[in-house]
Amino acid sequence: MELNGKVPPGDLAEKWTKYKSSMPLVSPDNKRRLDVIVVGSGLAGASAAASLGELGYNVKCFTFHDSPRRAHSIAAQGGINAAKNYKNDGDSVYRLFYDTIKGGDYRAREGNVHRLAEVSVDIIDQCVAQGVPFAREYGGTLDNRSFGGTQVQRTFYARGQTGQQLLIGAYQALSRQISLGKVTMYNRHEMLDVVLIDGKARGIITRNLVTGKIERHAAHAVVLGTGGYGNVFYLSTNAMMCNVTAAWRAVRRGALMANPCYTQIHPTCIPQYGDYQSKLTLMSESLRNDGRVWVPKQKADAEAIRQGKKRGADIPEADRDYYLERRYPAYGNLVPRDVASRAAKMVCDEGLGIVPTGLGVYLDFAAAIERYGKSKAHSSNMENPSAQQIWDLGKAIVEEKYGNLFEMYEKITGEDPYRNPMKIYPAVHYTMGGLWVDYNLETNIPGLFAAGECNFSDHGANRLGASALMQGLADGYFVLPYTIGTFLSKEIRTPKFNTDLPEFAEAEKAVRDRLHGFMTTNGKQSAESFHRRLGKIMWEYCGMARNAEGLAKARRLIQELKAEFYADLYVPGSTDEFNPELEKAARVADFLEMGELMCIDALKRSESCGGHFREEFQTEEGEAMRDDEHFMFVAAWGWQDTSQEPELHKEPLIYENIKVAARSYK
Amino acid sequence: MKLNLKIWRQQNAKASGRFESYQVDANEHMSFLEMLDVLNEGLVSTQKEPVAFEHDCREGICGTCSLVITGQPHGPQSGTTTCQLHMRHFHEGETIVIEPYRAKAFPVLKDLVVDRSAFDRIIQAGGYVSVDTGAAPDGNDILIGKEVAAKSFDAAACIGCGACVAACPNASAMLFVSAKVSHLALLPQGKPESARRAMNMVHQMDEEGFGMCSNVTACEAECPKGISVENIARLNREFIGASFTTSK
Amino acid sequence: MNNWFLGFFTSSIGRKLLMALSGLFLILFLAIHLAGNLQLLQNDGGVAFNKYSAFMGHNPFIQLVSKGNFAFIILHAVVGLMLWVKNKTARGAQGYAVVKTRATQTNPTFAKFMWLYGIIMLVFIIIHLVQFWAVMKFGEVGTAVQLVDIEGEQVRDLYSLVGAAFTNLGFVVFYVMSMVVIAFHLWHGFQSAFQTLGWNHPKYTPIIQVLGKAYSVLVPLGFAVIPIVFYLLHS
């Protein structure tokens, strides 16, 4: 299949503006006749549904949550990037574009990323107008902070709950359209298939999660804003219900899954502490603004800490290795996520980890508390403040900045992070891969669009901090509402679809058969137990570091696990009731296939780039080594029939404006 | 640690429910929901139906988890959602009673799962700023003092979990409604339609069948996000003012 | 009277406003009533008290206020009962098996039982009215109530009426208990009224709360002290 990214020609900075102005439009009268289905109500889904409703389309929006406000976008902590240059520190659209391409290790499309940087400024304005209470300066202007992989302050934030505030903004906009009758909201409905008519996406099959009723919904186009697939790993910072099912069902209908192996491992999460654990908790990247990452220099010290004989504070300054500051002097603790994560793995592999499992490093705020305390004492004209006074003043400032994160840490671990350095370890956080889309965010199935984390488009092989919120909202507010017109302008004469069409009947039957299959396997093991085992395989062989042998082995193990799943699954209850175990079984079935595809993709990509680190391909210093000659492409996989081998389609990546270079944060 | 659980089981919205007793072997590092996971794994392994409960992010922000744990929404730890509650706050041999939220406006769907869509309908009645995408001025054109932004944020921190309704002896939703009204009324962007918003949201709240505020302040005490009843006073001001000053 | 007005006063906040305003009026009334009752403690054989009683019985302004007072008592009771019923049903058919309340700003026990205190107070008020007010207003002179000469004017002798009641130990105990209930009701009601009016401010609310607590202790205490002293002195 020839993959056409459809990036418009012309000067990079002019592409989007020109394209927008020359794009076919749908008149207001015709918009009223067109139906659009939006699946998902997170940042991308809710903002798209609201904006499409405002434009006049008839929108049906679906979420498996009890309310659109629960989507996992809500958990994003640190902030959202925008090239506003309010700090006068030399930021610009081009710099944000450049940072994002470089941060993504030169594996993203130039055109898409530049557009993202352009609309980033509009997002902030839009969110402010909606009433998002961003942090402000005393003078009333918006405040910024820095995030990893950048040297400017362009991150807008609302304490440690930026995602929550942005999602609530989008939820409010969506609620307004619901009240105006332009959006019909379907809560507690899970999409289980997409319906194609004459090769175009024309509807979906859903299950009402309360009654179990299987329903058919038709529209002229379908938008998926269903998030990422990080939960393939079982343990991740994703919410428990995050899953790949909507995207995967689209793949099984012919959509392509792009770059599935690009997984972001976030460096600052609370380390795992038990086998019963259900999820990992992120500590915002913003903490690296002030926290210093370190491990003891001596293995003996690390050993003593692991055994509880010493505490972090007992290790003298000279015996600490601030390894990020040492290895990456230019960016220090604020190197991009993939770099920071790998560095943590490296020191722990050397036996320097500081938690009983050996998998943990310190994130220390003692220096920041002292620095802030001294500065505050100075500005309050205190003469010869005592160490305790300085500590108290500094603690107050750290508390103001990160209080809720510190509180969360204490709740989970039972330790006071002001007194003892935080213990952190990398964890799966985000997936850069996703459904392949062109510049219009349209998949290779006409009429099927994907927005937000669900698509692969903007982050290349690694996403920079505070860019997920930016991309989700860019897609939903400022890109999709325009680009969907390129498809719908050709559909203005297409009448509404009847859900009695054979294509709907076939899809519904397929869904029913599948669910029936899960119910009647009558084995012994729960869906959860399979999920946990899949996660272990993925983390072991397709996690922070991968190699050919391990990936091949992982694929074999997953296939065995999948066979066991279909032979020995047990689902209690019935299909026509509220049945979380059945939901879980259907999701785990899709995770099993997605996991296998990730291993296939990771094996195919014989290079290291961004979040994909192949042990065979590294420099002597342990940095990732790309192979631009052979792998400067998007790997888009088609896998309709999983009994066959998946089919790889390559979209070459062409850099016209950026000089591709080895990524250095030194 | 061994725990005795008394859990409300109810097949569906129409069925009548009852308490059932279970024993579970937990450990103190588990979160409360992980303890329930362990219980459910055990039930499924013996081919029994697991206890239905709602949860998602498990980091205290999505507002999906609920539960009344031995008489307290989100359990005994203040300022903490159920998903962030850890078993180290319970003791060996303790009996824990787990019930769903009880309110006419939050009907039980199954076991511990309740329908909180009334909150969505209240927001739809006016809990937004009427601004279309693309119609916004520059973010810095609207100056908002640091304290005002912080105050608005404090109200906006509401996660819509419904603990306020569950805790209120009158099952009143005033804290939830007032948090949204305050969040937007405090900001200049929200002011133009603040009167309309307050009136429409309160009327919707009344229609949903929530009780009325008796200023008990149990909502504030149980709110996992520490939303203040100061917001309720603000809602009262907004609503009374709007009712007597608007032309409608 | 058009729709918006009715709409407002049937809304939850509108009804609460009625409770708050009528409550505040009754709070004020209590203070005035207490001022009068304190005349009972003057050791003058009831002259001052009967003078006050006569003034209250004949001054046209006071008469108007007293009518308003009745109206507010009825309004406060009726709306209060409506709220109570609505609030009971809002919990739904199935209540909690266990209820545990964290410490709150105000004592929730007082807040939760406002309806109970209210009903007890209503009973007290009815007894109070039948025993004193109705007799003063409609009682037959010579049998139910005597006349007494105050500065040359024949007025009904409330002092003797009250004196008879206050020397009955059972009644004194009932009266004092009722005052305790009023104190409970005020403890929550005073500051709650301000919250309902929307007066909550980090600087001023603590002052209102202190004033409210002082008022809800001192005023009922003032009322309660009178029969006790009277009983000790005269029985």
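Observations
Note that the chains are named A, B and C in the order they appear, and that numbering of residues resets to 1 at the start of each chain.
As a convention for this text, a contact is a pair of C-beta atoms (placed from the backbone, for glycine too) under 8 Å apart; a residue touches a chain by one contact, two chains touch by 3 or more.
As the structure is a computational prediction, the values presented were derived from the model and not from experiment.
Each chain gets a centre from the mean of its Cα atoms; the one farthest from the centre of chain C is A.
By C-beta contact pairs, the most connected chain pair is A-B. The central chain here, found by comparing per-chain C-alpha centres with the mean of all protein C-alpha atoms, is B. Between the CA-based centres of chain A and chain B the separation comes to 26 Å, rounded to the whole angstrom.
Separating the centre of chain B from that of chain C, both taken as means of CA atoms, is a distance of 37 Å. Distance between chain centres (mean CA atoms), chain A to chain C: 62 Å. Multi-chain contact residues of chain C (touching two or more other chains) are absent.
Counting partners per residue, chain A has no residue that reaches two or more other chains. Residues of chain A that touch chain B in their complex: 47, 50-51, 54, 65-72, 74-75, 84, 86, 122, 124-131, 133-142, 156, 158-159, 161, 163-165, 168, 171-173, 175-176, 178-179, 185, 187, 210, 237, 239-241, 273-274, 276-279, 281-282, 407-408, 411-412, 414, 477-478, 481, 524, 526, 528-529, 570, 572-573, 577-578, 580-581.
The residues of chain B lying in touch with chain C in their complex are 6, 8, 17, 19, 68, 70-72, 76, 78, 97, 99, 102-108, 167, 169-172, 174, 202-203, 205-206, 209-218, 220-222, 229-230, 232-240, 243-244, 248. Put simply, chain C touches chain B in their complex at residues 4, 7-8, 11-17, 83, 86-87, 89-92, 94-106, 108, 111-112, 114, 188, 191-192, 195-202. By the touch criterion given at the top, residues 11-12, 27, 29-31, 33-34, 37-38, 41, 43-45, 47-50, 52, 54-64, 77, 79-80, 84, 86, 88, 109-110, 113, 115-117, 119-120, 123-140, 142-146, 148-150, 152-153, 156-157, 159-160, 183-184, 187, 189-190 of chain B touch chain A in their complex.
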